[in-house]
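For reference, the structures are reproduced in the following blocks.
Note that subunit A is present in both complexes that follow, paired respectively with subunit B and with subunit C.
Up next, the complex of A and B:
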């Protein structure tokens, strides 16, 4: 038991440090990916412009600034691109070499994504802090909620990664897994609240969206940090995060087990 | 060590006609074809054996290797490798075997191979002292000195293959599945890989099943060969038996002092190749000595050599023969 734990910790350390070394080879590209994630900042300027002559649905300009800067930070720390490489590995048989090792290829992708977060640490928080100060939105944040905010981001990451990994595994059945990704992204951006805050919508729409996993990927963590949620709402939110995490971990495992039976290991 | 009984693998392949219209049709009506990649094959391989797996492209060699290594689930039949059922992919099974595929890589492209080795050390949980010893041994046997700290993408194909081979053997597997391990390598490098496989087999008593397009790989390494065609095992036995069974002829290579006409030479055997002063004759095994004596007696011979028909030709002949039988059956 204890030796298994030590072995896993050592494996995690080696995998992460080697992945980091590989990422450093690509540091310029990492910067470009980060710039590619600035849509929330553009939305921020649009909504701040609209709110210049008075609040929109209860949001003043500084509220929009706080909201979208937090959306930016949540999106940056839940970044996920696993569908493309995973489905390519399956379709082209590149998975074969990885399958020969006694380690689920899942963990290699997890290591990739964790290192991508590490790479963002020196850049994203200072930029967001600067933005909050410049727009006078810093006061809108509930600093006491910071630990819960981190927890909510972790939950969002788990849901998003396992959701995307499951989608990538669809490549075992069809060559068109990646085309679903565009659809998923659109739903995620709208329902997640990356284009506008969900509470600008009618209450019924809000309730429906709160049942989907997408709300817990962006909107919920942002609301936590803005201090908008009561104790019972927090409990419900984290409960939903846990539920969706379990659903997608289960989906991934089911898809993995059944997909391997169909794997054709073409080419290799 | 390896036991295969009635192993069968059928694929469903989606067929599409070429061009835009074909794509459009495929959108509404998909046509599938069942491909019988492997059809009811059975064999046993003893510990420490090196077995060559021969057959034309698409014969089912690689499919069989993939089933033996657990990548593919068989349609039916039973496979056991070192006491494990491959498709269950247990940790103990995966640490016992390795699969080396010519073109496919597990090394991390942008880092030195040494980094990928470290990852494998952690994955296979190899103690530091064992790890150092193995890396040392592999470095020596494969001539890896200086390569391990160079970025993988900067290595030549041959250098990379050697590093791949080393990465695939770090965990000290007892069973090696080698799929075209020398493909794309130059002659020297092919020889180096061949020597290495033989040495590894000798030192570790490992069981080796290898496929290759290069007959030299097989003749150098394997006493036993299995020949597969269209998913069926058509020969399993000693390489020398295969030669005797399917090549009842030997090759007489002749050099003349004076040019000889075709008509004269045809009297002695099947004429394969002829130029002014040279000729190759195929002669039945049991008549080789007698024919050679006759030739020496009748013609102005400068040199004479008796050889086996090249194994490539024998295999080619076997396959062409089978194709003819199949065509006749249609």
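Up next, the complex of A and C:
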């Protein structure tokens, strides 16, 4: 009992020092990646301009500011780049070395991505807070919903990471996995609501988008924090998040098991 | 003259190479289609609720999106397949072979490969510009010529910025992120510069001249160009090209190869 606790504490300490080391080594890159995620902010300026002379589809300028700053924060904390390294490991056979370890390579990538989130903590929230204050959008947030917002971000992260991991595993069958990532990204940005709030679309389109996983990656967490959703809608949203999480965890496990058979069959 | 002959050989060679990997064709086609559709959906969502973006009407905004698509294609066809490889050349030491050839190394690094499958984007972009021109004032030879010159200037500026960003690979090998940095600003180019608040406009005009790359050619096409901007565009293209060449020469002079 006592020894496991000590072991875990030591593991956590090691992980923390690795985080710090990585942060120091790649701090410039982290900053660049954050700047590279500015598309929601560009959309914010455009929509705020459109709403300058009166609300657009129920959104005043401050509503747009709150919406897109939240989109920015959700995207930053669900950042996922696993397709490239994973498919490279499979294609070039680097996976063989990883398979020797008594740990599913999945967890190595999970740790990588969690560390990236930790690195964003000192920068992203203050910047967003500043933006909210400057645009007068702070009052648009429902502070009471913050715990639910965090939960929704966690759900979004689980869906996105497992979705991308599954896509990366496609490399067991074809070397085109990374080209699909571009397609996925375009759909994700539009359906997720990173370019405009999807309630600006006709109701039918909204209903269709609400069935796809993409809505739960950006649009849903943002709506939670804006306090727009009733109790039933919240339940439904979190239920959908859970459903899609399970679907993609299942897909990943299926692809992993079958892909591994192929991989050994190739004799790499 | 020799360089034109080489360009033709490189193009034929790239075409042969690309035909080996025809699977790319379908994926590239679908991603072109999706990029096009998502761009139009955004414009649709905006004009569903407004009559103008930054003073630009619907056909004008479509022409601008067309220009944006042309530049996206330009980047995908020419810049990414060539300059995108520079960090690898430096990391692996292959840069040495490039420098040994009796040619301008900047030319060789910039125009060796072409990803022709993304070229259709440019045709769609041109069609959108054409649509915008017909809807706003007609396809007059003068405005076509003006738009073509401004497009060319924009292409030169885009090339020069990309070239300078990737040249930093001589010092920082992990430069792929630096290209992301350009994209972060470039995505603003699908909207008219007038749609942004003043401080963003200043950044996009004077620091990262995206305004000259997309807004100015589109303005020329739909007949709303003002001459200071047109002349500024030419000056910036010339200035940036010269700067990129000087920077390249300086970088190569300081290059110490991978092994040493």
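Note that the second predicted complex is superposed on the first by the 242 of 268 C-alpha atoms of A that agree within 3 Å, B and C clash if a C-alpha of one lies under 4 Å from a C-alpha of the other, contacts with A are read in each partner's own complex, and residues count from 1 in each chain.
Convention: contacts are C-beta pairs under 8 Å (C-beta built on N, C-alpha and C of every residue); 3 or more make two chains touch, one makes a residue touch a chain.
Just so it is clear, the model here is predicted, and its values are computed rather than measured.
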Discussion item. Going by the contact rule set out at the top, does A:258 touch subunit B (first), subunit C (second), both, or neither?
Written reply: neither
Discussion item. With both complexes superposed on chain A, which partner does A:201 reach: first (subunit B), second (subunit C), both or neither?
Written reply: second
Item to complete: Quick one: classify A:146 as touching subunit B (first), subunit C (second), both or neither.
Response: neither
Worksheet item: Between subunit B (first) and subunit C (second), which does A:50 come into contact with in this model arrangement: first, second, both, or neither?
Response: second
Discussion item. Quick one: is A:94 in contact with subunit B, with subunit C, with both, or with neither? Answer first, second, both or neither.
Written reply: first
Discussion item. I'd like to know which partner A:10 touches here: subunit B for first, subunit C for second, both or neither.
Written reply: first
Practice prompt. Give one of first, second, both or neither to describe whether A:103 is in contact with subunit B, with subunit C, with both, or with none.
Written response: first
Worksheet, complete the sentence: Residue set of subunit A touching subunit B in the complex reads 7, 10-11, 13-15, 18, 21-22, 25-26, 93-94, 96-103, 260-261, 263-265, 267-268
Response to the item:
Contacts from subunit C onto subunit A in the complex sit at residues 23-24, 27-28, 30-31, 34-35, 38, 41-42, 45-46, 48-50, 53-54, 174, 177-178, 180-181, 183-185, 187-188, 191, 195-197, 200
Worksheet item: Of all residues in subunit A, which touch subunit C in the complex?
Response: 29, 32-33, 35-39, 42, 45-50, 56-57, 174, 176, 179-180, 182-183, 186-187, 189-190, 195-196, 200-201
Worksheet item: Can you name the residues of subunit B that touch subunit A in the complex?
Response: 11, 66, 69-73, 89, 91, 94-95, 97-99, 101, 103-106, 108, 110-111, 115-116, 118-125, 168
